[in-house]
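Labels for the chains are A, B and C, by order of writing; each one numbers its residues from 1.
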Amino acid sequence: MLNEQTVSRENEPGQPSMGPTLKPVQPSTQGKPVNTNEDAGHELSIRVRDLNLWYGANQALKNVNIDVYQHNVTALIGPSGCGKSTFLRCLNRMNDLIRSVKIEGLVEMDGRDVNDPRMDEIALRRRVGMVFQKPNPFPKSIYENIAYAPRMHDLVSRKAEQDELVEQALRDAGLWNEVKDKLAEPGTSLSGGQQQRLCIARAIAVKPDVILMDEPTSALDPISTATIEDLMDKLKQQFTIVTVTHNMQQAARVADYTAFFHLGELIEYNDTRMMFSNPHTKKAEDYITGRYG
Amino acid sequence: MSQSFDEITAQLKRRHRKTARLKWLSMGALALAATFLVVFISDMLVKGLPAFQQAQIQVEVTYSEQSQQMPPAAVNEDVRRLVSRGFLRTLPMRMRDNPDLMGTTRMEWVLADSAVDQYLKGHHTRLKDDQKSIVDDLLAKGQVELKFNTRFFTAGDSKMPELAGIASAAMGTVMTLIVTMLVCFPIGVMTAVYLEEFATDNWLTQVIEININNLAAVPSILFGLLGLAIYINFFGVPRSTPLVGGLTLALMTLPVIIIATRTALRSVPDTIRQAAFGVGCSRWQVVRDHVLPLSFPGILTGSIIGLAQAMGETAPLIIIGMVAFIPDVSASFSDAATVMPAQIFTWAGEPDRAFTEKTAGGILVLLVVLISLNATAVWMRKKFERRW
Amino acid sequence: MPTNQVYLLFSAVLIALGLAAFFLARVRASHLRAHGTTMVAQPDQYAWFSVLSTAGPALLVAALGAFVLLLLGADIPTLYLLGASLVVAVVGLLVGLSQVRPDFHARQAIEKVIRGVLAAAAMVSIVTTLGILISIVFEAVRFFQMQSFWEFVTGTTWAPGNSFLAAAGRADEGASAAQFGSVPLFAGTFLITLIAMLVAIPIGLMAAIYMAEFAPIRVRTLAKPVLEVLAGIPTVVYGFFAAITVAPIIVDVAGFFGLDASFNNALAPGIVMGIMIIPFISSLSDDVINAVPDSMREGSLALGMTKAETITSVVLPAAIPGIISASLLAVSRALGETMIVVMAAGMRPNLTANPLEDMTTVTVRIVAALTGDQEFESAETLSAFALGLVLFVVTLVLNMVSVIMIRRFREKYRSNDL
């Protein structure tokens, strides 16, 4: 794996067009990036080049190139099994947990290749948090669900500091008013939507740079979904958000950029407005207009 | 705003060490458990393997009228104490059975006394120094040697260690387990079929289920109390017999078989049942023709494990008197008998060092049988395992 | 005629009748059908129904008769009983044949009978529990009629020695009256159980953590059978190991530290019992840890937690009900374990907290009381049942609590593989 990564990095200079100032592109199909973003000046958060991933002999990601920008919501859409969740999990190396997975290519953050064996995946995940499809609060109190990670990370030293952090995280997640009187109750006692916001609060409490969301609303009712969508919009002031969604309307509502995956390939990466009004590729257009999915 | 990777990584060192510590500690626990097993098995091998060899001594046996009357006279006085008394005791009988022997004198390999045996194996013995030097002499001449101990597998119990064997206990175990399986296999399978395929979910079914779970956790010795109070005192089943032992173990094994059978039945997918119902089978026909055949390997595997468990059980059998001294292989289910674990228990209580060896030898035999049974079960589970 | 031959003859006749029922009914049904009558069941089903109606009632009569014979001591000669049973069989045969009618639902009838038989089999386990309970309670009550219950519960001296004299009506000849204070027995039992748990729970749990969280698949597939072997060793073998190998080592080690240890010390059976229970704890805990959903682990890892932190702060707290449940089951096993303590622990009731001393347990005294030469009616023999009753109740309660806990755990994580 090490060799292959080295190779792919050596290849980089040969692709000057994939430089750090790369804007959302529509790779692979036309071979050259297309600048579609009017709103320049965003700073790069994560840069992905020639990412390939195999589960055993089965290739799940094929030559993915993408740039993720800070303080934006980037949505990954595509039919199920297209690799969008797999891709998301490459960004904080959650795929490490799966045996028999093989990754090639570059995922760069803060000037560092995250797949570099010298990169500590714990440090990476500290900066790239994640919220899952099904709310998974720990079997602890609401308070402890949030306080646990910052305490382990030595982000707080005093009890008062910890209380403050918990309150802030819950406020940021829009949950404070609902739970402030029952912080000692188990996290599992909350409703599904509240649990998911608790998980978001938990993720932001460690102050990451990036928050990955893997279909965060697919298990929720429409009202909770709307709450979380509003929350995403607010949170992008502080964090970079990458979200996977199976719901195109959601992508259209919350995302600044949208990436369309199909069969492990990134077909189109575009400004969300462009993606939904005037997609560059036939496949994306077919998907968006509901020909398949 | 947030820390860089390097800053975070530096802080992580201590926390990673904790993971490493937990990993090694937990691995150590597993290794410790494995070490216990290794220590235990090697201890049994060291103690038990010598039991498969027994000292034999080559002496001149005189078959005469005198030795018929007084068997010790048959061998020379200086080696008389070195020959097993068991051999001398059976001498008159042998002479009666083979009249040709009368009046002859022949060199024969005969069973040595247990003290000689222990001396050869390097243990402390009650042999006196002059006797020891005789043995050393004979050893140099090749007239004493350790030979494979066939008696251990063909003879019953004896008070003389050199004569004692496991045959009667092995036979007792076989007969007891026949009774056990004859009773608990059909009842266990029928109960499981009833609970999985026929019973509706009412209070009675729940009571039966809870009860089976509890029965599986009842200490085995209490089954002995049941056997004593109900089978022996109430129904008058004869004490110490394979019959009462088998019946007692059957009740103990019942939950094992029921639980294994239920698991096996549950692993047959409902689609099969629905398909069979769909072609007009009755419930019993579905069970008999489709569910049971498909779950049979699982049922058999569970039964083997139950059988192995019953084979190693001792406590309830002691209570119902199956620790009897059984020198001869018993022939009937209603004769007093002993079983392997009980024989081990009896020998373990004998003060004579030679019996320690026999005990460990018996344990080795029992373990080989048990491990092969369990290995068969594991093998069957692998072979017939089916993913639906 | 010898009894065996009578039984053989009875079985032969019954089987013959059954065969006759089968073939007659089938021929009759086939015959009817051949004449164009539409029948609701198939010939074979009529045939089987006839067999059931022949053999079923007959066997029932025989069994009932035998039961009455044994239980009530009624004086029915075996020959008459079997004869009556055969008469019932013949009647059943005729009834069965008469039921070979086009409108008779033979299949449903068979189904009902089978269902009844299966349900009866299921009742055996209930009867067994009741049997244990009744036999123990009955004899225990007799014991408490002889001895004070209060003294049994609170007394600190267990000296049944002379009770056989009392049973023989010669109480005055004994040097002192028998005493049945069970406190030292229970103290010994709990101490040995405690030692066993101190060995088994940490090692078993840690081994389970390793297997579930760290071990590569190859180690896992190797370690499981090793632990299963450890679990499959008969207790009598562990007892021998404890008495012959472990106890002398403990005496030596204690001697090295200048301590005086008995060869029947409580440590040896305790440690060996712990070893015996390791696989029990580890396999149950392994199941429970595996049942904690991966989403919990992912949630923790995604926050930048290390593996150790994830295990100790998330996985184990989630699994704790299951682990406690496994430990309770293990305690219940240790309390009721007999052979190890019979062979390695002492016989002397001894109220002490020093594990190097010899002490005895409940199960040891049960075995001692029932393998001696006492008459069954003696207080010492009956005391075994009183002790057994306590043991039964305690293990039952432990088991119940454990089942409830594991059920809660299972419902919480909706895992079916426990």
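By definition in this document, a contact is a pair of C-beta atoms (placed from the backbone, for glycine too) under 8 Å apart; a residue touches a chain by one contact, two chains touch by 3 or more.
Predicted model only: the values in this text are computed from it and were never measured.
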A-C or A-B, whichever has more C-beta pairs in contact: A-C
Label of the chain whose CA centroid is most distant from the centroid of subunit C: A
Middle chain, criterion being Cα centroid separation: C
Centroid spacing, where centroids are CA-atom means, of subunit B and subunit C in whole angstrom: 19
Whole-Å separation of chain centres (CA-atom averages), subunit A against subunit C: 55
Inter-centroid spacing, subunit B versus subunit A (mean Cα positions, whole Å): 60
Residue list for subunit C, restricted to those that touch at least two other chains: 304, 306, 309
Sequence positions of subunit B contacting 2 or more other chains: 8, 12, 15-16
Per-residue overlap in subunit A, given as positions that touch at least 2 other chains: 122-124, 126-127, 152-153
In the complex with subunit A, residue positions of subunit C that touch it: 217, 293-306, 309, 313-314, 317-318, 412
Residues of subunit C that touch subunit B when the two form their complex: 70, 107-108, 110-111, 114-115, 117-119, 121-126, 128-129, 131-132, 135-136, 138-139, 202-207, 209-211, 213-215, 223, 225-230, 232-237, 239-241, 243-245, 275, 278-279, 282, 304, 306-309, 311-312, 329, 332-333, 335-339, 342-343, 363, 366-367, 370-371, 376, 384-385, 388, 391-392, 395-396, 398-400, 403
Complex contacts: residues of subunit A adjacent to subunit B: 110, 112, 119-120, 122-124, 126-127, 152-154, 207-209
Partner subunit C, residues of subunit B touching it in the complex: 8, 12, 15-16, 18-19, 21-23, 25-30, 32-34, 36-37, 40, 43-44, 47, 186-187, 190-191, 193-195, 198-199, 207-208, 210-215, 217-226, 228-230, 233-236, 251, 254-255, 258, 282-284, 308-309, 311-315, 318-319, 321, 323, 341-342, 344-345, 348-349, 356, 359-360, 363, 366-367, 370-371, 374, 378
Subunit A residues within the subunit C interface of the complex: 92, 94, 97, 99, 122-127, 129-130, 132, 134, 136-140, 148-149, 152-153, 188, 199, 202-203, 206, 212
